[in-house]
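Chain lettering (A, B, C and D) follows the sequence in which the chains are written, and residue indices restart at 1 in each chain.
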Amino acid sequence: MTGQAAGFEELRDLYQEVILDHGRKPRNHFRMEVFDASARGDNPMCGDRVELFLALADGHISKASFIGRGCAISQASASLLTELVPGLTPDAARAMGARLREMAKTGARDDSTPALERLSALSGVHEFPSRVKCATLAWHALDAALDGSKEASSE
Amino acid sequence: MDALPARLDVARIREDFPILSTQVRGKKLVFLDSGASAQKPRAVIEAMTRCMETAYANVHRGAYHLSEVATANFEAAREAAQRFLGAATPEEIVFTRNSTEAFNLVAHSFGRALLKRGQVVLVSEMEHHANLVPWQMLRDAGLGIGLRFIRVTDAGELDLDDYARHLAQGDVGLVSVTHMSNVLGTVTPAARIARMAHEAGARVMFDGSQAAVHRAVDVRAIDADFYAFTGHKLYGPTGIGVLYGKRELLDAMPPFQGGGDMIETVTLEHSTWAAPPARFEPGTPAIIEAAGLLAAIEYVNTIGMEAIEAHERALVEHASATLAQVPGLTLLGSAQDRGGVFAFSLDVAHPHDLSTFLDRRGICVRAGRHCAEPLHARFGLEGGTSRASFGLYTTAEEIDALAEALVAARKFFA
Amino acid sequence: MDALPARLDVARIREDFPILSTQVRGKKLVFLDSGASAQKPRAVIEAMTRCMETAYANVHRGAYHLSEVATANFEAAREAAQRFLGAATPEEIVFTRNSTEAFNLVAHSFGRALLKRGQVVLVSEMEHHANLVPWQMLRDAGLGIGLRFIRVTDAGELDLDDYARHLAQGDVGLVSVTHMSNVLGTVTPAARIARMAHEAGARVMFDGSQAAVHRAVDVRAIDADFYAFTGHKLYGPTGIGVLYGKRELLDAMPPFQGGGDMIETVTLEHSTWAAPPARFEPGTPAIIEAAGLLAAIEYVNTIGMEAIEAHERALVEHASATLAQVPGLTLLGSAQDRGGVFAFSLDVAHPHDLSTFLDRRGICVRAGRHCAEPLHARFGLEGGTSRASFGLYTTAEEIDALAEALVAARKFFA
Amino acid sequence: MTGQAAGFEELRDLYQEVILDHGRKPRNHFRMEVFDASARGDNPMCGDRVELFLALADGHISKASFIGRGCAISQASASLLTELVPGLTPDAARAMGARLREMAKTGARDDSTPALERLSALSGVHEFPSRVKCATLAWHALDAALDGSKEASSE
């Protein structure tokens, strides 16, 4: 079973425990009744979907939730998003999305803040080109919601 | 390999495919995505190389030897396709880019010119987008042509009662259905479908993209009006597909695209059309690809479609039994007559995650909706499925490797 | 070889093309039909082989490594085409089957959706059928779109005064003209043509099938709205062509053909379209051909388009001088700015007979009307012409061999 | 000049003196004013064209003429036709065309009658696949004229 173990180890870079955990039990997974911004992200290739809801107060994101379907990566990424963006200004939230996209592309972790450290769990996708979109889908939806448009596509 | 018939020497066949002995990240390649596109035997690669190194020139245009040789080779590919499908004459074989273009060609040319306002095109719920979207576009072209859908049963078979009900409405001009589903593996009763269509006064087209790879096809025995397949799934190159059309239909159809080589005379103001198949092949055709397709057809002919089919039946039996043992796995479709395509869901893992997991073991399966979104919706699987599909080089061991890996994936993701 | 600039080592280049060292009926091959289709360098053949032997899978569809590699290679070809044409983004590059399909795509998609009733398409008298017949078909589609023709001067140049007069009528929606004639060799002033079109509120498309092989092209410098070329004339494989379209135009255009990979979502009833270029590339694309095209572009880039152009200018000069000495020979066209294509008539021999005569000496030239019947009619040459056309591997000696053979043919047929 | 001479010799199989002669000076090359049957043959690939005119009397072809343009082979073949078919019944003329097509395909001469012997001069095309149509064009037009249709194509 060395082969298998090896396979598992390699895959742990991508499927870190935090990812599997958020993938299995996504946080803030509900349709918000009253919200200030919302957008849907679709990845037509694999059918992944994330619908994101944001409540805003005093120029900050006060609450975030999502519904959707898809792979562990896309759902975990959305789940993490809903935990990490409350308290941020729209610009700061966007900047966090930009950091995530860069990690997903380069694989470089960013441990400079606790939030980015948690997000760095997603950096493992950079080895899997076809999965990068899964990790970034929710963050595209975030941009779209903040821009006031209704749809985002990770394509 | 006990489940396989002795007459197909798979180990030897595998040696014909250079890519099958390569490794993926240090793992033996287990290629179970032949339904999306098959790998190429050396004979195909060499035929394309030979074409470019010794017999290349534009075809149909030159009066010099090299062009004559190139033209003869190109037309030899057409004759091979004719015999492969059992068509009456080579003029009934139109080279397209792929299957997709064959449907677009028929939708534009037959659909716009020969279907009448008030008539409908009938497709099924299990069609590949290639055999759905062109008809949606025809419906939306403002010509008064409708589009309806034959139901698929829970077992994943064509609902023939529903089909009969549609035909009974008397407005069906064309039936266009798959000869083998690329998701369910279902092989449809083509001859019966054609007979029913003809009795109702409708023409019938088959999507043979999958079927022609796995079964011997005889368009005259089926009595198909149109039949399409695509080179790259038949171990041939990309960039070439085949549309069979009955001579009298092709003769009556206007061109789809315009350009060189499809005309008889051209003035600035008007052009007259060449006879089929030239009428439907504007511009420089897929010369190098035709050489590859010819080699591919010769390759499967040498092995024999019966032997290929028998091998596949054995693989299907083996896979049905083996996958049934994987805990948490649900197979999509359970048709009586099926080919080597298995779509499935695993309870604890999303198809995309599963693909990534399997890939790390060198196992290639597809994840998604396999260009058949409506079918996935029909079965409540909007999120997609995983799909393993076989080629003539697939072994029982590879299926075993998949099953083992699925069990491991369950441990990993659960 | 004194007429050739030192920087192009033609002898070495010829070694890159396996077919150039073959013989035709015991004679050295003198291939002077590159304008119809060019020969392939080893780099192209090997890239296609490598694709099939080591990196083949369907693209855009698989989440496994092999498919990721295949997809990356395919998209690398798109980026190479983008840089080759000077396009702003790879999304502006649509892969087609050939040039011909590029015109059909624009005629169907842009023509039907974005041209308005009462508008006309303006082409010239020297167009290849690929840039004529699709517009005739659009005109005849009952949408109220017209078609007019820019005159060609006796020297074989675009009559810019006539062009201006057409534009002044205010009804031109699209100008579609060649960037280099495949009969006259004429290179047209693309930037000026585009500027005039834009000033008149029209869009402009160029047929770069010949030009892109012989000159460095920069679609942004020209300010082309659409630009088309075809892989097989650029030393690449058949089965792949390139359509450049400005992003905002492609974005506004509906799909031409329907199928897999060009959609965003599909239900039985409706589909929504993917963004360009996917919107225009339904079904399995030319994966192996893209590998070949990438290698072809890299090949000409390595040699350098400037060096290629300089070599060609030298050949053109040499051919003009040499052919002028052949008694009884009349050259078609005498444009100031011209590329390496020479159509001609010999007084005592019909082009077809001449082809046969030359072929026996290993010399390949084309006979006929070169898919430009209206142009031949314009010059009163309904019976056709002979055409010699050059590639980067063509030598002055080959032109000399042609001239000698023409003199001999005159003796034979007179 | 051995190479050239060799080229010439080989080509003499195709371009026999009778072909070159008929090609240069086609016989019966005029548009008939009054005729009983006529048809045009076109080879769209090379632009060759033959328009054939027949006068019939007592169930026989009494006169034949043609106009057209094209290569030496196509014009010589038409010219020979106009000399050989007068005096024949339509069926016999068709049969002669069938023999010509066979010669053009196989290269086998047929010297069984003086007429076929003369026609055998065209058998040399069989080595030149793209030229076979040139040799048979006029004979396709003959069939079309006798069938009463107006156009024939050698394709």
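The working rule: a contact is a pair of C-beta atoms (placed from the backbone, for glycine too) under 8 Å apart; a residue touches a chain by one contact, two chains touch by 3 or more.
Note that the structure is predicted; figures quoted are calculated from it, not measured.
Peer 1: Tell me which of C-D and A-C has more C-beta pairs in contact.
Peer 2: More C-beta contacts join the chains of C-D.
Peer 1: List the centre-to-centre spacing of subunit A and subunit B in whole Å, with centres computed as mean CA coordinates.
Peer 2: So the centroids are 37 Å from each other.
Peer 1: Distance-wise, how many Å sit between the C-alpha centres of subunit A and subunit C, to the nearest whole number?
Peer 2: 46
Peer 1: How far is the middle of subunit A from the middle of subunit D, if each middle is the mean of its Cα atoms, in Å?
Peer 2: Inter-chain centre distance comes to 78 Å.
Peer 1: Can you pull out the residues of subunit B that are in contact with at least two other chains?
Peer 2: 61-63, 67, 263, 265, 352, 356, 367-368, 373
Peer 1: Where in subunit D do residues touch at least two different other chains?
Peer 2: 45-46, 128, 131
Peer 1: Taking the top-of-page definition of touch, could you list the pairs of chains it picks out?
Peer 2: Here the touching pairs of chains are A-B, A-C, B-C, B-D, C-D.
Peer 1: Using the touch definition up top, name the residues of subunit C that touch subunit D in the complex.
Peer 2: Going through subunit C, the ones touching subunit D are 27, 349-353, 356-357, 360-361, 367-369, 373, 376, 382-384, 408, 412-413.
Peer 1: Under the definition above, what is the set of subunit A residues touching subunit B in their complex?
Peer 2: Subunit A residues touching subunit B: 3-4, 7-8, 10-11, 14-15, 20, 23, 45-48, 69-73, 128, 131, 134.
Peer 1: Sort out for me which residues of subunit C touch subunit A in the complex.
Peer 2: For this pair, the touching residues of subunit C are 60-64, 67-68, 71-72, 263-265, 274-275, 278.
Peer 1: Can you list the residues on subunit B that touch subunit C in the complex?
Peer 2: 18-19, 22, 24-25, 29, 31, 33, 36-37, 39-40, 44-45, 48-49, 52-54, 56-58, 61-67, 97-101, 103-104, 107, 125, 128-130, 132-134, 136-137, 149, 230, 232, 237-240, 255, 257-263, 265-271, 282-289, 352, 355-356, 358-359, 363-368, 371, 373-374, 377
Peer 1: Inside the complex, what are the residues of subunit D that reach subunit B?
Peer 2: For this pair, the touching residues of subunit D are 42, 44-46, 128-131, 153, 155.
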